[in-house]
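Just so it is clear, A, B and C label the chains in written order, and each chain counts residues from 1 on its own.
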Amino acid sequence: MEYEPVIGLEVHAQMLTKSKIFCSCSTAFGADPNTHTCPVCTGLPGSLPVLNRTVVEYTIRAALATHCEIAPYSLFARKNYFYPDLPKGYQISQYELPLSSSGFVDVQVDKDKKRIAIIRIHMEEDAGKLMHDLSSERGAHSYVDFNRTGVPLIEIVSAPEIRSPEEAAAYLRKLRAILMFLDICDGNMEEGSFRCDANISLRPKGQKTLGVKTELKNMNSFRNVQRALDYEIRRQTALLDQGEGIIQETRLWDAARGVTSSMRSKEEAHDYRYFPDPDLVPIVVDLEWVKALKASLPELPNTKKERFIREYEIPEYDAEVLTSSKSLANYYEACLQIYAKPKIVSNWIMSELLRELKRDEREIEECPVPAKNLAEMLKLIDDGLISGRIAKSVFEEMYQSGKKADEIVKEKGWIQVTDTSAIERTVEEVLGKHPKEVEEYKKGKDKLFGFFVGQVMKATQGKANPQLVNDLLKKKL
Amino acid sequence: MKITKEEVERVAVLARLKYSEEEKGRFVSQLNSILDYMDQLDKLDTSSVEPTFHAVTQKNVFREDAVQPSLNLEVTLANGPDPDRGFFRVPKIIE
Amino acid sequence: MELYQMTAHQLHELLRKKEVTSQEITQSVFDRVQQVEDRIHSYITLLPELAMKQAQEADDRIRKGDFGRLTGIPVAIKDLICTQGIRTTCGSHILDNFVPNYDATVTMKLKKAGAVFVGKTNMDEFAMGSSTENSYFGPTRNPWDLERIPGGSSGGSAASVAAGECILSLGSDTGGSIRQPAACCGIVGLKPTYGRVSRYGLVAFASSLDQIGPFAKDVRDAALMLTAISGYEPRDSTSINLPVPDYTQSLSHDVQSLVLGVPQEAFGEGIDPEVEATVREAIRSLEKLGAKIVEVSLPHSQYAVAVYYIIAPAEASSNLARYDGVKYGFRAKGSHDLLEMYKETRSQGFGSEVKRRIMLGTYALSAGYYDAYYRKASQVRTLIGGDFEKAFGQCDALLLPTAPTPAFKLGEKVDDPLEMYLSDIYTIPCNLAGLPGISLPCGFSQTGLPIGLQILGNHFQEEKILRVAYAYERNTDHHLRKPNL
């Protein structure tokens, strides 16, 4: 029996505002516990919430960037439940009347383009942090830090239209890029500023009705989202094949063991008793406000990608990589300002630059090679000052030292040798030193050509112009 | 609508309250008489009436995104029943 | 007359003329407290040292000429209102050791005005009740008859003014908790328009209904206090940004241009005949003073109690979820896991009326019942508001009794919650509509129990209702009668 996965994703992203959503405490990460708190975010008796305007603006911008409709009238609602990291005993969120709904994100999975619908986007407050004693014996403790309580969150709920773990990862990448392009979130999954929960069910291919779904939590990277979904698909398939039913439950992904396991909570099925929060007044968004925010939107990932393909005539794959982050896209275009060969720049960034950054686990923002420097180095190759091969070494030096290309070339004496007669002399020397190989080559062992090239390069410390070496060797052999 | 002992138990769980059997019994009858009294609202046709969730009609009350100093840690923890090394300590949930 | 028996405006004159000091006034009040408090029990926390210090500071200000109408005046504050560094219990075991680290907006305003804090007054736990019998700290007794209730939930604030244990006090009103105790204790009590006085620092019971307001010996004092505590608070999203007039300026004897409406539903079943007679007499008084009396109708007011007892407990069940023993307040001892701690803390920490309302509210919001109860009640609330809108199209203010009976006996309604709820029948509608309302004494029963007249106005029409109240009061001497203590 072939099953089709039906996946919906719920993303919670922390917004990059300076202060919390309902009070003026700082949202800065990493402070000592309970030092970014006040009566409002610790739920003291008599405290009241007041909405941070920037949170509304960021949410509207996110909605516009995902083609959502903005509700002209929306309300905050209380989601009531008990947990130590929830000081008021309720979370202020949105329920019946969210700020926006009915949008979409276009994603690319290999060669296929797909549009994933977004059901809704709304604002809510984050809870605090709860840490636990390792023991589970009676008498063990948990520790509450309210610094994170009240940090503004945006919740984005997709339609259950995702059909594979790959699609899920693509959707998340795109969504994250959009939020980062808008500067409303820093997209850090490990630190928890971009979180994802998944709902997944299987159904026989072709069936319209949905199967029983499980909710997956605790996936802290795109890779883990994919792995967790992969595992869950296999788990559910196995059960269904055996004729067993799926239990509707919440399962936690255990990255170390590579499995999902049931959150054995004997709690009641959640009855959150949502009702409109009487302490907060309705949000009324008029067209003027939306227009002003729309005008302030930056160029978004997909638009930028299309433009790169069109303007720079680079392949879709390249464009997708280069527009995966705003900083990277800006870096690319800054290079093109100085050295206007899009495909070459693209190749260098995608192979050399991103490789170095990945090895160091650095982001493009921390790249030690400014765009200008890379562009200027590429110019040196065109000018014939260095060969393409030497350029790779030059680049590595640039990355390590932060120095400019021409400085390094001068220091290291890596200027390309283009003097034809000098190379010719070296070629003759090399061929003279290896008469046996010359014999074998002339007899047909073509592979030896590379050997000769290598020897010439060695003799010139790699500085010989490769094209000239090739031409001269061919001539001599 | 009548409320049963099972429903009283369900609501008590939601509200994190506990009752003895005797209290539950008394509760059921008290709540039932109160809820019976509420039934009179069913007489009214409210199908085209918007609910009132706020007593006065204000909208768009905002504050600017600016940081103000938070409370001192000692002050924050001062009322805590069991403060510990900067945290509020609570018994752990036992699964 | 003793200093503790005077009104704030009288004392202000004496202070201004330097005929008396704040310290003398404060001493007089504390002597009175000493004399009667063990019979009345108005206070949960008395603040003699703080009061004397504040009185000294007030006298300094008065000497320098930098003072206002509340400077040096001893006031009492309902224990539902946060006072920094001073225990604020809300009449509950679950907060009996809670000391707020911040002041409510009204507390700040009183401090700025230079008032002197006598203490925090007794109340029904978390403002849930109409008799002050639901206090963890024991009941307050009515100064007019110690076997009777002072009204609730602000019973302590009302009794302390009536007994001379303070000059002015603050209470809170969600379904009548200022107006009804004012009527029971024979004093003036005013609930402002929703949003007129900030709720920042008022421990929430039902957020869309709660308002803080003054208790006073006469209408002028109530106007004075209202002026001091009103105003916009940016930390409160439901606070209305409108300028605060000097409410004492609206006090006039003239009601000739006013049309006063009497709702036909006002004298329904269950009203005590003495109450009816006394209130009708008051209405006639106002007519004689030149006001035009018309009959109006509030057809949906009969549903107000049902609506209130769904909405208020629903909001309360959510507002009281924060009392979980984690961050402040009482935590039950000996709990070894979280769930046990929650249940023990809340079951031991809350009294039975609070628990009953939490259960009722939780039920009304729970899955499957939200539409039938909470949403339905909110829709009927719109209809009730609509009634008032229509009525105010025909008149300037409404006249009706404050309570269906004078103060009942302690213990009389404790076992019948529904009966207790029905005693709020006249006060509840105005909270649902967010309107201002004032209660003032309009007579006494045969047995000498005070009876209250209630005047309701349209939104932000405090000036109008104060004007009607003042005109009526100046024409009678009910406000001059004092209990025999």
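Operating definition for what follows: a contact is a pair of C-beta atoms (placed from the backbone, for glycine too) under 8 Å apart; a residue touches a chain by one contact, two chains touch by 3 or more.
All figures in this text were calculated on a predicted structure; none of them were measured in a lab.
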What chain pair shows the greatest number of contacts?
B-C
Chain with the smallest distance from its CA centroid to the overall CA centroid?
B
Could you work out how far the Cα centre of chain A sits from that of chain C, in whole Å?
57
Distance between chain A and chain B based on Cα centroids, please, to the nearest Å.
40
Separation of chain B from chain C, taking each centre as the mean of its C-alpha atoms, in whole Å
23
Would you mind listing the residues of chain A that make contact with two or more other chains?
39, 42, 50-51, 82, 84, 138-139, 142, 144, 271, 273, 275, 278, 280-281
Within chain C, the set of residues that touch 2 or more other chains is 98, 101, 208, 234, 237-238, 317, 324, 326-328, 336-338, 342, 362, 366
Can you list the residues of chain B that touch 2 or more other chains?
10, 14, 16, 53-54, 58, 61, 63, 71, 76, 88, 90-94
For a test of understanding, state which residues of chain C touch chain A in their complex under the given definition.
81-82, 88, 90, 95, 98, 100-102, 104, 199-204, 206-208, 234-238, 314-315, 317-318, 320-324, 326-328, 336-338, 342, 362, 365-367, 370, 374
Can you list the residues on chain A that touch chain C in the complex?
39-40, 42-51, 78, 80, 82, 84, 87-90, 138-139, 142, 144, 271, 273-275, 278-281
In the complex formed with chain A, which residues of chain B make contact?
10, 13-14, 16, 53-54, 58-68, 70-71, 73, 76-77, 84-95
Would you tell me which residues of chain C are touching chain B in their complex?
98-99, 101, 193-195, 208-209, 234, 237-238, 240, 300, 302-303, 305-307, 309-310, 317, 324-331, 335-344, 346-347, 350, 355-356, 358-360, 362-363, 366, 369, 372-373, 375-383, 385, 417-418, 421, 431-434, 459
Quick check on the complex: what are the chain A residues that touch chain B?
17-19, 24-26, 32-39, 42, 50-56, 75, 82, 84, 131-133, 135-136, 138-146, 264-266, 268, 271, 273, 275-276, 278, 280-284
